[in-house]
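Each structure below is given as structure tokens.
Both complexes below contain chain A, partnered by chain B and then by chain C.
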Partner chain A sequence: MAETTWRPASARGAGGATATTRAWRVWSSAAIVTAVVLAVLVVPPVVNLDEQAVHLADKLLPPSWEHPFGTDDVGRDLLVRCVYGLRVSLLVGIVAAVVATVVGTAVGALAAACGGWVDRIVMRLVDVFASVPHLLLGIFIVAMFRPGVWPVVISVGLTHWLSTARIVRAEVLSLRSRPYVDAAISGGASRWRVTVRHLLPGVLPQAGLAAVLMVPHAIWHESALSFLGLGLPTHQASLGTLVQGARSSLLAGDWWPTLFPGLFIIVPTLAIAGLAGAWRERINPRRRSELML
Partner chain B sequence: MLELRSVTAGYDRRDPVVRDVHLTVAPGEAVGLLGPSGCGKSTLARVAALLHRPDRGQVVIDGEVARGWRHRAPRAQRTAFGVVFQQPRLSADPRLTLTQLIAEPLRATGRAAEVPGRVADLARTVGLGDDLLARRPHEVSDGQLQRACLARALVLDPRWLICDEMTAMLDASTTAALVAAVEGYRARTGAGLLAVGHDKVLLERWCDRTVHWDELSGDAAADRTT
Partner chain C sequence: MARLVGRRAVFAVPVLLLVTFGVFAVADASPFDPVKAYAGTAGLTASQENLDQLRANLGVDKPLVGRWWDWLTSALQGDLGDSSTLRQPVADAIGERVGWSVLLAATAFVVAILLGSALGVLAARRPGGWLDRCVTSLAYTLEAAPPFWLGLLAMWLFALKLDVLPAGGLTDTASTTVTFGQVTSHLALPAAVLAVSQLPWFVLYVRQGVGDALGDDPVRGARARGLAERTVLLHHAFRSGMLPVLTLIGSRVPELITGALLVETVFSWPGIAAATVGAATSVDFPLLAALTALATAAVLLGNLLADLLYGLADPRVGFDG
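== the complex of A and B ==
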């Protein structure tokens, strides 16, 4: 008799992935994120290398035991530059995601809690912001400041709160019609108290998830801005400036200055997104994990 | 005196669920409102408690016409009503412990100092043990949660109680305990009661007067006279 394997639909995840591959994905993501966090927190103080030290005699060395990622066009060790760059990019990504989430949560909660014309005006403004491409608006904002970390954080933060505002508004609107809000009103609670005590705590898991999902996106934006020469100053290692500095070498056939920073952009951000996707499936099992990057 | 004068209310102006309804509750009176599910009696209860703005008509509380609903109602007017809803699960914030749940109206009205005494008092009134008070809604049964919701409704000493299918989800002994707690409160304070439900036997034993949904609306009243 022919054996047919049958799996319940509940064992299938994104795109028909089984529970096993999903678990594997979560654990590998967790391992990568842990490694990244250890690398950026522990390595720089312990190794204590000068990532900006120039050794012109060692320029453009291919990967070797001494320089696992090779060296760049002024002889700086790329492994060290990548770790420092990841540190800067991760910091920018996290702070920008927090800024975006705080702004988005505040705007979304305000719109939903006030309702009426406040809601309509605020959400139309959100639509206007959303109709301009993120990157264009981001470029416009960084162009107003001198190059540095904070303009990039502000630029990425201020262009990415829109989706969070929409998510939070929808969530607050659904919570607002619960009987426990009626009970609170009847118990004398002010609008402010209802929002802070009952509505905001209810949307925090969603907002937190949005923040984590935002981190990879913010890192990509930082890289894009720096790659365009508008973000961080070129001597400061970030994943974007590293890829930008490597462009000319690539044309000369030196692949390592592009490959390794590129991998440092892609692998950690995918790992963070993988973890966030798993978290989302836990708190909201209906939505399958598409990478919301 | 709580009066609803030709109230029309609903969620779509073109198709209101409550049409031209008149209802009065005298001070200290217990009125039972009977009706099949989905007829609009919960909406009427929410209008009476100033939680839902009617499309037309007036709510008059002790001679004062209500001008605002929900947050727009003056706090003193809102807190004159203690409301108990049908589903305790939905009417309790899942993040608060039962103690916090009961105490919430006191904190919201700046009377946090009274919390320990009042909560202990009310927990005894509605029959909640101390061990339950530290739990969250998902750790107690529907009946226990509804007891806490009743305690919350009573905590500000309301002049009017609105019980919207308060006991529909509960067993007979919990129903008896909750009704006894409401009646004890009314005997002590002289509060009026509007109890909405579909259990004719219960409402007729509980209330001074029961009215059927069909007797309330202007249309039906007009039909009967012809």
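== the complex of A and C ==
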């Protein structure tokens, strides 16, 4: 073919992924996510360590075989602290993502199913919400309701349903024009029944994907709020409070209490994004073929 | 063009009204009590009569809508109330700080756009090549990294280990005047970190846009005419590939504000974003309300800018459509 001088490269698609590297990416992501889940579920009860125990003699030890991530300014093992922090951050992230997804799916489905002026007003409200920066709105809510686990969950959840609402609305609108929905309506099904039985199940994969992608985002926001001193209380180890607590050590030149909690945010985020990308290709294969051209 | 600006402005008014009302509604629903906040520890021992008097003086005995309306009418006359944390009128506090924030954000954004375009085009040139893989992986990793963490590590490396840049603030502590050289050296690190935190998104979109454009007919035609690869890449692919990116530039203002909130806090930059965090910590409602409205206005302005840029870059788009 005449165009082969430049075409094969672009034919590999997004990220230049061949089938092998794509499979490798999915499996390594799955391995990391499994490891994270096992670590936060199994390690704390099995190891049964007192993560808060202070050992002033061991303070600020650099990474070693005994303490792979080193110790913090009161001698607590950072690997243990990071696992406990990840546990709290993951829990907050998952609950906030569920809140955001439920609100977003309900709003999006309501707008699309009702149509007309309800749709217009609801989507205008979504635009209004989208005009306030997420973190600022989150900061405002937390400031007014005082920092704590629930204000953080609510503030992250209530600021992140917008994209889900838009996705769900678009999906419901596209499903509504399908013949089987017409058939259900002409068969005399009520609007409620059509929405719940015929439209929502078709939306669930997209909403689920949005929810999964929301988890790292929610963790990011929780850690940002906690870092600013507006999130979880400082004695509660979360990834954000760990970075916040490490600031004084960092200014004294000790990098490890800052570095490792950050890696605990980045690595699971990349793994979840890797898995979600594979999922998206499964439920929406056209997207990939468009990119592959 | 005037019509487009006019339409955006008309949309902006109800948005700002709703957002400010929402701010008052959230405050109303929260346990926060402006009277107790104003009175401080004295409020614990004050008599109910005094508290009621104070409540009336502060104008917070009115219902929600009345308080919002009072705030709105005086805000339109330039009076945004007094900040309890900064002990000065909110308008003055914002006026003093907003310039530094704009300087930081604008520098970072320009750096992110220039560097992002360059990296994106380089990556798009050979999709799947080693450069593309490196750039894409780096972009995804940086996207996942919290800006405050990047800021802290950058501070450790450049200010503490290498000792080439100051760790924070606007000027050296010994200095009493604000000089250009001082500000530049203090700006470098926070601006670089903010730029790096905005970079991934930009690189990925430019890469996608230019990559797609490289497969389009104009590029094929240009290649068929035997034009140099450089010309094809920069004049044909880059220009059309940047169109989808341009529309999104203005919509990045919220992320820029989010990044500035974190970076200003890390580097003690005397901007408006760091003041927001301080206001939130001590529940300084007048300052928070004004800053939320200001941030919303900035976002709306960004949207307008995106529309205008798009029209300038793509002659097919009419402003009066």
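Remarks
Quick note on the criterion: the second predicted complex is superposed on the first by the 273 of 293 C-alpha atoms of A that agree within 3 Å, B and C clash if a C-alpha of one lies under 4 Å from a C-alpha of the other, contacts with A are read in each partner's own complex, and residues count from 1 in each chain.
In this section, a residue touches a chain if its C-beta (ideal position, glycine included) is under 8 Å from a C-beta of that chain, and two chains touch if they have at least 3 such contacts.
Nothing here was measured: the structure is a model prediction, and the numbers come from that model.
Judged by the number of chain A residues each one touches, C leads among chain B and chain C.
Legend: residue contacts after superposition of the two complexes on their common chain; A:T258 is shown touching chain C, with no touch to chain B. In the superposition on chain A, A:A183 contacts chain B only, with no contact to chain C.
Contact with chain C, but none with chain B, is seen for A:L230 once the two complexes are overlaid on the shared chain. Once the two complexes are laid over each other on the shared chain, residue contacts for A:H198 go to chain B alone; chain C is not touched.
Chain A makes touch with chain B in their complex at residues 178-180, 182-191, 193-194, 197-198, 201-202. Interface of chain A with chain C (complex): residues 3, 6-7, 9-10, 12-18, 125, 127-128, 130-137, 139-146, 216, 220, 223-224, 227-230, 243, 246-247, 250-251, 253, 255, 258-259, 261-262, 265-266, 269-270, 273, 293. Residues of chain B touching chain A in their complex: 46, 49-51, 70-71, 75, 78-79, 81-83, 85, 87, 90-93, 95, 104-105, 108-109, 149, 152-153, 155-156. Residue ranges on chain C touching chain A, taken from their complex, read 14-15, 18-19, 23, 26-27, 30-32, 126-129, 132-133, 136, 140-141, 144-146, 148-149, 152-153, 155-156, 160-161, 167, 208, 211, 214-215, 220, 223, 253-255, 257-258, 261-262, 265, 276-277, 279-281, 283, 288, 291-292, 295-296, 299-300.
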